[in-house]
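Please go over the structures that come below.
Next, two complexes with chain A in common: one pairs it with chain B, the other with chain C.
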Partner chain A sequence: MRRCCSISLAISLLYAVALGESRPHYGGTLRVAVKEAPASIDPGGTAGASFLASFVFETLVRLDDRGMPQPHLATSWQAESGDQRWRIFLRSGVTFSDAARLDAATVAASLRAANADWKVMAAGDAVIIETASPRPALPAELALMSNAVARHENAKAIGTGPFLISQFDPGKHLSLKANDQYWNGRPFLDAVEIELGKNYREQSALFDLGKTDVIEIAPENIHRAEAAGRTVLSSRPFALMALAFAEPPKSADESHARNALAMSIDRTAINHVVVQDGGEPTGALLPNWLSGYGFVFPAGKNSEAARREKLLARRVTPWTLRYDAGDPVSRVIAERIQLNVRDVGLTIQLAISGASDLNLLEISPLSADARVQLRELASALGLPAPKLAGSSAADLYAAEKALLETQQVIPLLHLKSAVSVRANVHRWNSSASGEWRVEDVWLSAEKP
Partner chain B sequence: MSFRRRLLVMFALTVLVSVAPVALIVSTMARRALDRANDERTVALVAQFRREFNRRGGEVARRIQAIVAAPETNRMTVAAAKPSPDYSPFLDDAQVLADAQRLDYLELADDHGTIISSAQWPAKFGYIETLIKPGLPSGPFLKHEETPSGAELGLFVVHAIPVAEHKIFVIGGLRLDQSFLASIDLPAGMRALLYENLDYASDRFVREHLIGASGSPHDPMAFAPIVQQVLRGGKEATSIVESDNGEESVDAIPLTGDDNQVLGVLLVGSSRQIYAELRNQIRSAALLAAGSGLVLAILLSSWLSARVTRPVEKLARAAHEVAAGNWNAHVEVFTGDEIGQLADTFNRMTGELLQQQDRLVQAERVAAWRELARRLGHELKNPLFPLQLTVENLIRSRELGQQEFHETFRESSTTLLAEISHLKTIVSRFSDFARMPQPQFQRVELKELLENVAKVYQAQLSKSNISCEVTTSGSIAADPDLLHRALSNLILNAIDAMPQGGTLRVSASSEQHSARFEVSDTGKGLTSDESARLFTPYYTSKSGGTGLGLAIVQSIVSDHGGRISVRSELGKGTTFIIELPSNAEKLSSAWSART
Partner chain C sequence: MFSPLARWVGFVLALCIFPQASFSADWHQLTDQLAPKITAVTGPGVVALEIENHSSISAADVEQVRSELKSALSTAGIKIWQPDQASATIRITLSENLQNYVWVAEIQQAAEERSLLIVSAPRPASSVGGQNARPLTLQATRLISRAEPILDVAVIEGNPRRLLVLGRDSVTIYEFTANRWLQGQSVAITHDKPMPRDPRGRIFLRKDHLFDLYLPGVGCRSGNAWPLTMNCTASDDPWSLAAGPLQSAPESGSLEPGLSVFFSPARNFFTGALVPGIGKQKSAPPFYSAAPVPRDKYVLWLFAGIDGQLHILDGINQQNAPKIEWGSEIASVHTACRSGWEVLATLPGDPGQDTIQVFEFPDRGPVEVSQKIELPGDLTALWAGQNSESAAAVVRNNETGNYEAMLLNLTCN
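Then we have the complex of A and B:
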């Protein structure tokens, strides 16, 4: 862990040097605009954990850039009984933002609330987790924000994170202030002001007007933003854009038609022109950089094969494809798919509301651990949980292949996520799964 | 129909026959003139629409020129000049340029026809625009454009930008839709509709494809025939269409593409409502004038016909009076024309008739007195002669012995008394005829009446060897005594007519409103002359008759409101027929009078 921190500090220092600042200093308010408009910051909320929860709440484990579990609120963990029983040792000296000490009972209660099928017990300074089946990736699962530790008091969630909520206007605005009692040292920033529910265009406008320091950049605008001279920090392609069927195929005809659909889509053109290379074409659920075998699943357009499959499908009813009406890129991608399938004799009707056969989805990454990410993707797509026979890449491949063979999902692209930061923002960092790490961020005086 | 009405109808028909053609001619000429004016207006409006259409095309061309000069287009041409151009950065440029130039359609394509950027269908990048081929249209043209929501009809202009040895094509246009139609200034009473022929293979009319400036017309099917006519023939057509907008003169213009396919049909409708109203006003005025003239003519005709027919009617009434027996009828004469002469002649005729009647009455009266005198003389002479002989014999017997005188005196006294009695009988009969009483009506059973009459004469009939047949039924309102008397007279006449015996048939029958009596004998019958004079008073064909019997019968029958007739044939017999009304009302009035 120490080595990891050293590397991180070194990178931050290099970044600071590059920006002409050599020494971080305290103070200042970071202004951020985001697209997400959560109704709650509570990681155990019904709407799921917001990535913004990482400002206030922390997990027992964090994943590094390679997806390896690293200690955070937990110092170490130990598997017992063939990965069905895990003993998690807690860090001492950690306090919640209200100065209450982090203890095993509180952690156990938080984990029980987030995982109904787990049996969680406090055992001294450790927490014991028992599961019905072996879970070799349980430490990585503990890194999910949904498993962040939260203590509820008076219907209010309290975390151990570097910031605490000073004001929250659900869906509109979130004000955070520094947690002076933060166990890992007070953050440099005094406060963070986050504008919620701003689309990319609004964010860009706020940025240009100097009203925000950090904004999200749409994948298709990454190159444009860079060309415009903005500082853009982008991730590896990780968010999955896919077509998801509402139901499995009901006949061999429909199965052939779905094969034809998957093969008719020109993912390369979509990525290159529509997304402006803001991602990469894929036929897999997990990105190639994460799984190592993603290239095995064909992502290219194969019109001839698609036509052959279409010929095998004697009777096909037109599909209805629903897309996000508020996202112009989604509309263009949906229309492109409509054109592509028309070339092989299939028909797709577009819809922006109501029931549909197909949905064009974008699923944000949740974990840099391939096994956990695959499980979370299956859950998000309404697919059965993948059956992992072991921890090897072959086992992962077999599980992913099985999911794809349900023909309920057609992967299209893995998209990058990116932010544009103002020049006076230093040490901006995010995890591989997109969580922002702002405890080390500091602000320098902005040059006129 | 009266003469006056006939005259009135003739006058009215004469006026109608005169006025109706005039009204028809005026109405027809007015309609033709209005139709001609309306057609000219429609032609002018269609020409105006064509100019507007062309102006729009020029406007699209100007906007395309602006796009050609835009920096985005310039960057695109620079990229196109590279050996392996990457057009991905220009995906949104068409949309930006189209928005800036307010174009509904804009596509930028390279010289292979590959779409670089499309405003109407951004996802169509990389696809081939089939329009790009040798012989591009130089001016505005119509084209069906595919969009994600379906095919649409647009007015397009294409412009080629040379880039080294390559070209960039700018294809822009405006949608021919509701807003396009609404943006065209049209005079009041005119509207433009557009039918988009999205299915070349069929000339079937699809009502949803017909749009107007304010949306779909309420009655699109009204335009189906003319649209299909244009789709089939490919030529302009004109028709009168009755739609929700009223009656319209519709000019249908085929909108063809560069391959001469009918892509749509422009319908320029010019409301005929104003003309229809004007025509209706003229027609109403004509009808009003004709109607008023007709009414006036009828009124005048009434007055004239009344004026003309009044003397004739007076004449007719006078003639009726004369026919009814009033010969004193007189017609006033006011004019000296033919009618006046006719009235004067009529008056003179009635005067003459009156004089003739007076003369006739006097002659008849004299004749009657003569006949009465003759009859009285005859009747009185018969008993007077025996009286004279008896008195003379009595005088002569004074000279005979007492015994003989007494015997003669006794015989003469007897004879004298008998003859005097005969004279009294004669006088009594005349007196009875003069004093015929008015009938006293009551319910009379016919059977009972006839049986009573027959019973009276039963002995006499047997003695005369006459068989009697009586058939009867029903009842009647009558005076039974008078009726008994009348029937007795007829039966006595029948007995007298059959001195050698025979058959007497007496029948009576009643119906709802009348009763019929028949008394028949099988005697020698009557001649036609005798039959004609039979009911003349004091006429008799019998040697000892007074000629009053049948006169009394006729008087009784007349007093009962009936009539008597005779049917006789020589050698076969005579039948007297009495027909009486039921006189039921007299029965009730008689009852009221008694109570």
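Then we have the complex of A and C:
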């Protein structure tokens, strides 16, 4: 049995906002434009948790920059029964934005709704989570936005977070205002206005016209934006771009053909030419900075080995590759893959709709805990849940290798994510998994 | 006896040295894991060894790893030799992830399939070095360091000497015993409302009782004896700012016995409403901090406004000084040299690395009287001491994440 973490550490991290250079200013409205166009901000929504949910809803645990779980709405936790039963102690004095107190019953109901296979019970000032198999990474799982605590009242989700929704036009616009009673200190901003569903070009135009303060920058435009003198804050390469097969190989021939496909793709050229070095070529599901061993999965083009594999595949049916028609970069990458495989004697037909054999996907990162991220990737790719024998790097490697050996996924790139912010936006911050932390952001008067 | 004052240079160097010392590498844990695994694959014999570093460790550490691995393999009967005379090639990549060092050994033995071994061990929390120190006459006496935020500190003379440390939710007493501050009693402070996101607080020592505490929306009054008792209530009463220097001011009759200012309870600044006022002036622009500079017949008050400007009040006139680019933290300290009153001010600089400098205010403009000093992190609090001879400062150390409370004094060259 172990008990983890302290309240003090969380507080010290959360309150490190003062600068002698200039203390944060209160007030102002932050204007943001994003590509995502969610129909709901509810973290338990059917479409999955939007990253915008973190403005309004909070998790029991947060991961720090090293991917270590830190207390948030929970103050501590302890594992029992070989990591199959967890007791999570809740912070007192937390209220929802409608002034209702956060209690164990509400948290248990919220977690039950998000995790049908968990047994969650309220027990005094704690909740008890029981799982069918050991979950050593459960504290890190609790940091996923899909596990954020929401209380539902009249079909409306209410959170404990730093902002509350003042107006939501699904897919178009989200207006947030500061939660004056936020348990962790009212945010410095008065309001946040978020334009939803704006592609990168539209976001850039809004920024140039002075109509927005923060925009997303596509990986391929990071260097260009920096060269243009914009303040660009970019992450480590994390989002996975991969080819995903709908089904496992049905024959040895197909298995050889998939090997040939994986070896024939020139990831370096795709990263350099198409993505403008806005990512890193990879043969792994997890980026090397997260796993430490990612480099052992080959990412280079090996035409000779690919041809040998192709020769072993005596009968090969052409594949159909579907890509996101709304993303011109996806189209160019799909066309390059088509050319690469042709060099080794394989055929791919491109499609933008309908059934396909394989899809070109980009999967946003969800967790800076390698075990949880691997599990989430497997889920997003339709692969079986990884089996982790332990928590060591060797155990993680074995689990990731097993997923890759299903031959249902061919990793291509890990992409950076980036934002451009105006000079008057201070303390812009995001978590290691890319979640925006806007509660510490403050605005100064923009100098002419 | 209180610990001797350390020169700032010493203080800064100390902060730099401690994290590096704790980072001194011990690679045995990894070499002891890896060597037996390699031996189990290759058995005794002659192998070629390549080591490639993909991690943040230094070249010297890589050499240390090479030496320790060679030694461990040699003990197991494996001899390292040239590749053309070796029965196996071992390529070891020193890598890392967010929490661990990860070493990967790829072993190629003749026609056999490549074997892959992975071992890992925790990385230290920080491996970043410090910055250069500069010699200055600004002296810092480090008091305590802790993970929880510190809003203000004050030393109460006596036997034993006591240090009051104000946090968000408590005041803690430390006693100076055996040349160190030992933690003693801690008294909780209750809040009816959430504290602001950038919490501030002030300890004000009193003569008829031990002290008053000012926090956003909360006021506390201590008892007048030890052990400490304290009564806290919801309060928006004005905060005493700087009674000390004014109480010892010239007998011109123009000085106030003390100055109090209303604090905005849900924010991080003073509203500017002055009690009783500065001469005829009853208000200043909203501000983060203030510094009195006593003159012969009046006191010049400097206010670091929330508009980023310095505002100067002399009891009759108010002057804005937009060209003075100071930060939000200022405090004045009395010295036995120069003009007698120096102003400590933070300066614009890199985020996360505050800079402080000492100024005199001979007329209506500042004159630099010290070099700029880079602090080891963000300055989160700076309050003038009530003896006027020092200022209490709190820095959040970038390396450790801890809040470091210190007393700042100025000495004459």
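FYI, the second predicted complex is superposed on the first by the 427 of 448 C-alpha atoms of A that agree within 3 Å, B and C clash if a C-alpha of one lies under 4 Å from a C-alpha of the other, contacts with A are read in each partner's own complex, and residues count from 1 in each chain.
Simple rule for what comes next: a residue touches a chain if its C-beta (ideal position, glycine included) is under 8 Å from a C-beta of that chain, and two chains touch if they have at least 3 such contacts.
Since this is a predicted model, take the numbers as computed values, not measurements.
Using the contact criterion defined above for the overlaid structures, shared-chain residue A:V273 touches chain B, although it does not reach chain C.
When both complexes are overlaid on chain A, the residue A:T160 reaches neither chain B nor chain C. In the superposed pair of complexes, A:I333 makes contact with chain B only, with no contact to chain C. Residue contacts after overlaying the shared chain place A:Q181 against chain C, while chain B stays out of touching range.
In the superposition on chain A, contact of A:A432 is made with chain C only, not with chain B. After overlaying the two complexes on the shared chain, residue contacts for A:A445 are found with chain C alone; chain B is out of touch. Contact with chain C, but none with chain B, is seen for A:H25 once the two complexes are overlaid on the shared chain.
Between chain B and chain C, more residues of chain A are touched by C. After overlaying the two complexes on the shared chain, residue contacts for A:L290 are found with chain C alone; chain B is out of touch.
In the superposition on chain A, none of the residues of chain A is touched both by chain B in one structure and by chain C in the other. Only residues 54, 93, 95-102, 104, 106, 116-120, 125, 147-149, 168, 193-200, 266-269, 288, 306-308, 327-329, 346-349, 351-352, 354-356, 375, 378-382, 396, 401-403 of chain C touch chain A when the two sit together in their complex.
Contact residues of chain A toward chain C in the complex are 6, 8-9, 11-13, 15-26, 65-68, 93, 180-188, 288-293, 295-296, 368, 370, 392-394, 397, 426-427, 432, 439-440, 444-445. Of all residues in chain A, those touching chain B in their complex are 266, 269, 272-274, 276-277, 332-336, 338-339, 350. By the touch rule above, chain B contacts chain A in their complex via residues 87-89, 91, 121-127, 148.
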